[in-house]
Amino acid sequence: MGDIGRAGREGAPPFVVLEGITKRFPGVVANDDVSLELRPGEVHALIGENGAGKSTLMRILYGMYPADSGRIVIRGEEVRIHSPRDAIARGIGMVHQHFVLVDPFTVAENVILGDEGGAVLQHDESERKVKELADTYGFQIDPHATVEDLSVGEEQRVEILKALYRGVEILILDEPTAVLTPAETSDLFENLRRLRADGKSIVFISHKLDEVLEIADRITVLRRGAVVGETTPAATSKAKLAEMMVGRPVLFRLERPEVEIGEPVLRLEDLTGGRLHGLSLDVRAGEIVGVAGVEGNGQRDLADVVMGLRPLESGRILLDGEDLASRSTAEIRNAGLGFVPEDRHEQGLVLGMTLWENLLLGRQDDPPFVKRGILSLRTIKDLARKLVRLFDVRARSVDVTAGALSGGNQQKLILARELETDPKLLLAAQPTRGLDVGAIEFVWSQILEQKAAGRGVLLISAELDEIYALSDRILTLYEGTITGEYPPSAPAEEVGRGMLGDVAVRGVG
Amino acid sequence: MSKLGFAISIAFTYFTIIYLTGLGGLFSERSGIVNIGLEGLMIIGTVTGSFGAYYFGAKLGWGVPAGPLMGLLLGLACGAAFASIHALATVTFKIDHIVSGVVINLVAVGLARFLSTVFFGQATQSDPGQPHLHVISIPLLSSIPAFGRAFQGLSPFVLFPFLVVFPVWWILNRTRWGLRLRSAGENPEATRSLGVAVAPLRWEGVLISGAFAGLAGAFLSVEIVNNWREGQTLGLGFIALAALILSNWNPIRLMGAAFLFGFAQAIPLALRDWPVIRSIPEQFVNMTPYVVTIVVLAGFIGKVRPPAAAGKAYEGTTT
Amino acid sequence: MAITATAPPAAGTGLKTRPEWLESAIGQGLALVLALVIALGLGSIIILLYGENPLDVYGSILRASTTDKDGPAWVLSAATPLIFSALAVSVCFKGGLFNIGVEGQYLVAMVTAAWAALHLGGLLPGPLLMWSVLLFGMLGGMAYAAVPGALKVKTGAHEVVTTIMMNGIAISLVAWALNNSLRYTNAPVGQNVDLRTNIFPANAKVPDLGHLFGYGPAPRLSWLFPLAVFAAAIVWFIVKRMRLGYEARAVGASAGSAQAGGIGIGSVQMKLFLISGALAGLVGMQQILVNNASTSTGGYLPQNYEATLGFTGIAVAFLGQNNPIGIVFAAIFWASLSRGESILPIETDMPREFVIILQGILIMSVVITYTLAKRRLERRQTGRVLAEEEIVAAQSAPALEGTTT
């Protein structure tokens, strides 16, 4: 498989050659004899499931971890890279998934930090230099602006400028589109194409296959720390890439169970508060309603408001006709809502607590588990063991901490907890974010089972794939309100227009 | 009105102590290390400063100004040395900043007594005969009718804060080191990812905080009391912390906050005879700095924003 | 869809390991031993600089708290306030709150307790007065802790800073009370005495316990000590076995997840502050109801009261790993060292302040070694679980393949 796409730009000698890189963490081989070439003027995509070793490999190249064995050759010379400082000096820059910017500093200050050009700062001079640099590559940015006032896309530009300012020839981007809107993504791709034309070599770490096929010149696939193949967009397809990533063919469309759609379970009427402005929708029994939208249009607030985590200014939240607005989160849960939050660590699990303690969360008022304020450890642990078995949470015992689980297993733990109470409605926000393909399948099948059991599901997702794969009805969310309703047969372009605010309500066929 | 002048001159004294200690806290916290051990660092400054002035000034006969200056220098150096414990604990071993600060304060009391027995053969006060700098009166200002008293008979050291305030501001905002120090306090990950090591910056911030707090303590025992006595810091380290918060971690605003709290300290001492003051129990005047700080923190008036990373251990990979 | 049912047995993955609790206990034990070795080692250097033999010095300290006359009684009575204080700190700490204000809370509690002792003295017979005084102490501590609690819950003001400020205010409040409403009015005529409250009725006193074990009256070992141990047991039960403790730990570890799980964060934090304040309220009782009492009188609150017990409680809480049982032992150990203070100048040439320095070194090394041990343990656990997942996944891969194609 390794020879599929040596099409690349054979003429140019490689900037960087990684040979036989191996890196072990306690108990895990993160990189196993990985070899890779980066050539000038190419976008090289590095893809693989979470934990496949993409980020580890690039962090080794960026000097954040030492490799246990293997060679790094830059322009024909074998080098040792001990720190990011070393890496930068050798022309390697990295933009992390989570930006590392100093919020109260200006753009220029963020860019020059660490390379200030003298013991005394020359603010005007540095702002001029940063401006020049931005203009060279057509980046829209005001060097005098304070970073905390910037949008996510602009912050990413600052990160890239930081690297360019240091004269890097190789730019590593770790999941750069995870936080961007589609418009920002296309801006980013535009900028990347200009950098490529300038002869830079770009490493694009991702697991979004469509984007990889769009931007990459060459694609290297990692699985379980090892390279399983190298190819080009022309020589492969999404399905083939997915298969290489997981090592088996993957079904992207699961079969939807045929269920009779019943009466409305959840009805949201005119919700206003936070980013929501008069949002209304309903979810019926046996129905999965997918809320599609570009992130930042009120998804988080919608989930928080429904769960009672954020105050509502006006509107009604009716679950089986009972108004839950202004109730506490505990009351809302008891009324029959299950919640899979978009941020597992922030709103789902207590990482420092054991699995059984996490499985108790949300049920700490329920009589079999807590009587007169006292925990019934036995009952709780029995339930925990049952759930861990049933949901295939891979852990040695229920006494390990949730923080020691992988992302997929953490999500299984949350699903186990939220589905065990047989909620009337499951609110699932970005339920597969950051999960690998195997875990995504599991989560999807669990959501479909809720439908099969005749319950309602409100699915909030930024991934259109996911919305299409699961939903009976698709709603688009734009600036805090629902702008459209579509059947799953509607073309993606139409839904996309709704996501951008074109109000076009269509009946469901 | 001369009472008010007298009150202001006392306020200047307290201002100097609070300002310098607060400035110490500022360097530490802007680098990302919360320092509630300022009181303890000051205590070390008082006992070592007193010893320095006594030993060099009286015992070795260096007289004035060399003796008192040696005292101030020794207080500064020992404050910094003692702060290295806080730096070691919080920067190198990354333990909780509050715990370390509490321990600093606890140990300082014992260490001061210990040092006192070594220096003076008794645990709770220094030997008499300690020299101080000649007092000065500020020209022009001291001849203002009624208020002139505020500028007479001051230790020349009260001018020190006015000498350092601008350089400190300039260093923090206009130099490479200042930029890096502040970035370490706001987002150490950003600092490190650009190849700048965070730990040395934070060590420097904490050592400077010890130096300033030690200097402030030495000023108290050398220049004001002319003696070391156990417990003479009277919680001024905590008032300095309060002033630092009120200043929003800004060296210029810190001047105002320190003077405000310094004046509050002076009121019961100098203005006791004023009818308004007499009707308020002295203890309630003493609480004002604390009450003001709580009110500000609760957001009832104004808003403060501490350095974003202050108090968080930074877990950078150590390669 | 069959994948939900294909749970492979987690056993037999080939990794042999000890259970988590045992591993963490061993880790903590080793950390403690290491910290002791470091502290005693550094202490030895100081002792050697003084030209003394470390073994002799440590031996003296050990004897003072064990085999010497009344040694254990001295230690236990000194440990009593430290247990209350450290428990107060630890309760808040479970919920992610740092109550630096135990100091101020117990100072104010001494005032409210003194007020109750003086004003209810004529009204309440027998032990009822003592219990009421203790109750008023707890109420005073609770009321004073409620302020930073409410500020935290309502405005988000950080409790570390507000409690530090509240400590400063408390000192002035005590001084004000002693100068005004609780001023000493029954002083013997013509005698110049320190500022203090009037003397409490005799039935405000907490009875002596030491004589039951053959100790003399001097160490002042009272029933407050068993009360402190009982308080530790209650705290243990609340933290480990009750919903409030569970909720507190969840809030402390991840406020967002706790909230999404239906836990009212503000209410939990407020409850913790109140419990903490109640415990803090008992810190000062040893001095005003026991140490200052005599056979015929019930104690008093003097101006030169013993301060900093609240701060020492923080050190003891960390020495005891914020575990209620650990705290009892940590307080006893701390008090044993303190007992050495009085013996050192007599038996050796060391100044008594050496003990405070030794305690300081000890607490620093304990906090450092605990922190390092905990981090190491977490890393190992994470690494191992990931490794297990790999193995399990590898074993189950063929089974999965069949279901999805």
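By written order: A, B and C. Residues from 1 in each chain.
Simple rule for what comes next: a residue touches a chain if its C-beta (ideal position, glycine included) is under 8 Å from a C-beta of that chain, and two chains touch if they have at least 3 such contacts.
Just so you know, these numbers come straight off a predicted model, no measurement behind them.
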Of the other chains, whose C-alpha centre is the longest way from the centre of chain A? B
Note to self: most contacts are between A-C
Between chain C and chain A, distance of the C-alpha-averaged centres to the nearest whole Å: 43
Centroid of chain A to centroid of chain B, CA atoms only: how many Å? 47
Indicate the whole-number Å distance between the mean C-alpha point of chain B and the mean C-alpha point of chain C. 30
Per the touch rule, the chain A residues reaching chain C in their complex are 25-28, 51, 224, 247-251, 254, 307, 309, 328-330, 332-334, 339, 341, 343, 345-353, 357, 360-362, 364-365, 370, 373-375, 377, 389-392, 394-397, 399-401, 403-406, 409, 438, 441-442, 445-446, 448-449
Show which residues of chain B lie in contact with chain C when the two form their complex. 34, 36, 85, 89, 93-96, 98-100, 102-103, 105-107, 109-111, 113-114, 117, 123, 235, 238-239, 241-242, 245, 281, 283-284, 286-287, 289-291, 293-294, 297-300
Given the complex, residues on chain C that touch chain A span 1, 3-4, 6-7, 10, 17, 19-21, 241-244, 246-247, 249-250, 253-254, 256-264, 378-390, 392-393, 397, 400-401, 404-405
Contacts from chain B onto chain A in the complex sit at residues 174-177, 179-180, 182-183, 186-187, 189-196, 308, 317, 319
Residue ranges of chain C in contact with chain B within the complex: 98, 100, 151, 154-158, 160-162, 164-169, 171-173, 175-176, 179-180, 308, 311-312, 314-315, 318, 351, 353-357, 359-360, 363-364, 367-368, 371-372
